[in-house]
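In this document, chain identifiers A, B, C and D correspond to the written order of the chains, with residue numbering beginning at 1 in each.
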């Protein structure tokens, strides 16, 4: 259990996430076939493979440097909505992390807030649109309130992961208002949003790393 | 039983033949699918429908006039190999029939000979190439030798029909050397030639009319 | 799936490479990040046009690169928008000092990646304008959602803006023109069967033998409804009705450009049969088909279907449409 | 069969009508007997080019009518040669006093009907010459049989002879040129699946999921053999090998024109993937692809497959290939 994530830890989060995405690839693609164009799994998998390759090629550095590298690789290799959104999120996270060598609970909350706001700005989306933003927003709020309450990093990120999972479930009956699923109108009701599911996995990787 | 076919009789032959072709349409198309492009039934049916329509529109006239009308309609409406071949055959038949008001056995033999030679000239084909020519040639020879032996028209045309049917059967193991089936090389062996089958039907219609 | 591919994940790279290889006089390929420019880019003093989008819609967009149309195209993975990197690099390569027009189909991914590219270009002082194409009447138009999909009108915007740029119009004018074309266009697509995505080897959706998807998207997105199959004329009229109903009543007069677009596996005969009916039905509705484009220009892999686009012409648009164009897929004049 | 047709027996009429309707500036349709001429025919003092053949191969031939290529095209029923009447009427309509070149693919039906037309025209003092195209190496060439089928080279003959006619060459010269192009061309096609004939609603043949028909004809005629499916590059090399092996060894040098032709349902990406490999493989064999044509030009309804044609160029042929052409399917220069 760590009360701070170093650059190496954040790199480990992304290694973990790349592995998870590879495992979830088919599920994500299936979810995206139902409400979108069936490429979310392939897209994110291509990007995360490129990201860990880049991480492995250099020396880790600060958390901010890691976020920056991952964000840039995603922007260059993914394309589509998720490339822009995850890319923007991690580049904003890098900005918020600055030169810090470690992220404790409150710093992590600030980093996630910037990332979440980046998604809203990039996606022109709001809570309730049934996109990955709902997950980021709920998870970030949970981390923020845990941090504000003085909880340690591991517990705060665990609260974030729980909130993420809950939100994914809560969103199922909603109607999508942004992204490709919105073209479906009422037919988007009853489906899990692919970007929400991949975002949940990210928060679970963060929590797992802090708990390790 | 008639010992001479008048213009009205020849018109009746073509009415009979149009009906037969309509019935054989699917079989002819199936045979042509196996060794060619699957249109012989549709082609000939389209042409014979146009031919009887034209016959019905005018007054019959001489046998030569009937052959001429049918030949011209086939040339204008069928296309493909069979349009040119049947068209040429009947136009040549018309020429051989001249102004005669009736065709007896020997005149009929001469008419068929011209038609058969027309097919050979138009198709640049010879006996053994496994085309409709083999049927025309065998049937015409049978009519000629019957006529030369003094047989009447009905018996002569019946001999022609028998020779036609026999020839169709004899041709099955041959390899095609002319027409679309020739592209198959050895794979044309074992199939009935569609144009041979439609030609057999014509000789049967001639015999049936003379026997009526 | 049995197709003329080598490896599913190499399809786009190999196809773009092949196209560039057989059109060396017209196209120049940059492999990484991947984009294709016209061979003579940058053209000094002329507004450059950059478009792009997911692959699987060929000949769009690489097939529209050349004098009189696009300066560069950025092909993404199959059905996936290009990355911001590709767009940025392409825009830099073709900027001739008069700025760059980005032509973007209204899909979240495309919009965001082009927007990121525009931010990066702005930071370096390269002027950009963006035209967003959103002409698909199958999708409800609402400010609460992502809005309509960009489909057939994209080809018309690219052709007409390309002509204006070639004539020397400035960036603001070319952008305004593009918005005008987009605003005056409406489209609707229908599919008899779906395209097969190389990566999965499976069709995007499966229809019964007597069903069609009415209002389908070019990525196989579901449309307005599944309907019974009908003869070509009835389907054409149904699609046209949806398109025309979306115009204001007083707009339904005068000259139009009719774009009958095969979605992948429609044969030239099928496209022509649909066009025949469309010209007549438009005529009965008081619209004269003064210009037309019929064929496969914006496909969805091997989808069997067509889309119909109607653009309300004016003299200016007609003139720019007639201007010379020299690309792989569209060529006329000179 | 689910296609964008109205009635199976109206497909050809409606498609030709539709095409003429959307290209009034280029095409003039005569409905009965059916043929299509360039809008400005007859052109005084120029040799006229007439071709035709069964329908189902669009854009061939009607899509090749226009300045620099065909003067008239005669579409037959699906996969059925036109009648002699059609050819005769078309030739009369376009003869500008310098005679008529008949371009005929080597199929019994086509040969015979064009021959009958030529006889009728000769009787009326209209001079004709015939170029027979027989470039399909899948069929054994033998004087005892009907010989080879005419496939891809037809497009090349029509383009190059059209250019010569436009330049004012006389009938004998244009015919000689056509024979030269035909003699210097070889083709081979392969199919992953067959086209579906409208009249029967059934595919011409059925292949297993891992099978192809190698050496297929454009009417779905069986080819050299059924073979296992392979990746696009391997199929391309196999087809090219068959094509090149048919040239004499000392002919395999210098510049060639490569024609990669989609047979109906091949997407632009598939055609480009095949072209990419073909250019490279030809390069390795010492042949430079100096000109190319890649796309769907001579189809077999919705057949999934490609054909490859190689024409040995010389300066004269290359120049005539580059000459302007303005038809529905081929357009360049001016």
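Definition applied: contacts are C-beta pairs under 8 Å (C-beta built on N, C-alpha and C of every residue); 3 or more make two chains touch, one makes a residue touch a chain.
All values derive from a computational prediction rather than experimental measurement.
> If each hop has to land on a touching chain, what is the smallest number of hops from chain A to chain B?
The distance in steps between these two chains is 3.
> Would you kindly count the fewest steps from chain B to chain C, each step being a jump to a chain that touches the current one?
Steps on the shortest route: 2.
> With chain centres defined as mean CA positions, report which chain is farthest from chain D.
A
> Please work out the Cα centroid separation of chain C and chain D, and write it as a whole number of Å.
Chain centres of chain C and chain D, defined by C-alpha means, are spaced 29 Å apart.
> Taking each chain's centre as its mean C-alpha position, how far apart are chain A and chain C in Å?
So the centre of chain A lies 32 Å away from the centre of chain C.
> Using CA atom averages as chain centres, what separation in Å is found between chain A and chain D?
56
> Which parts of chain A, given as residue numbers and ranges, touch two or more other chains?
none
> I need the residues of chain C touching at least two other chains; which ones are they?
Residues of chain C never touch two or more of the other chains.
> So with touch defined the way it is at the top, what topology do the chains form here? Options are line, ring, star, complete, other.
Line.
> I'd like to see which chains touch which, written out pair by pair.
Every touching chain pair, ordered by label, is A-C, B-D, C-D.
> Please give the residue numbers of chain C that touch chain D in the complex, ascending.
2-7, 11-12, 14-19, 21-22, 55-56, 58-59, 63, 192-193, 209-210, 212, 229, 231-233, 235, 258, 260, 264-277, 279, 289, 292, 294, 296, 299, 301-302, 304-306, 326, 331-334
> In their complex, what parts of chain C are in touch with chain A?
33, 54, 76-86, 107-109, 112-113, 115-116, 138-140, 144-146, 149, 197, 199-200, 204, 217, 219-222
> Could you please specify the touching residues of chain B with respect to chain D in the complex?
Residue list for chain B touching chain D: 29, 33, 36-39, 42-43, 46, 75-85, 87-88, 122-123, 177-180, 182-185, 187.
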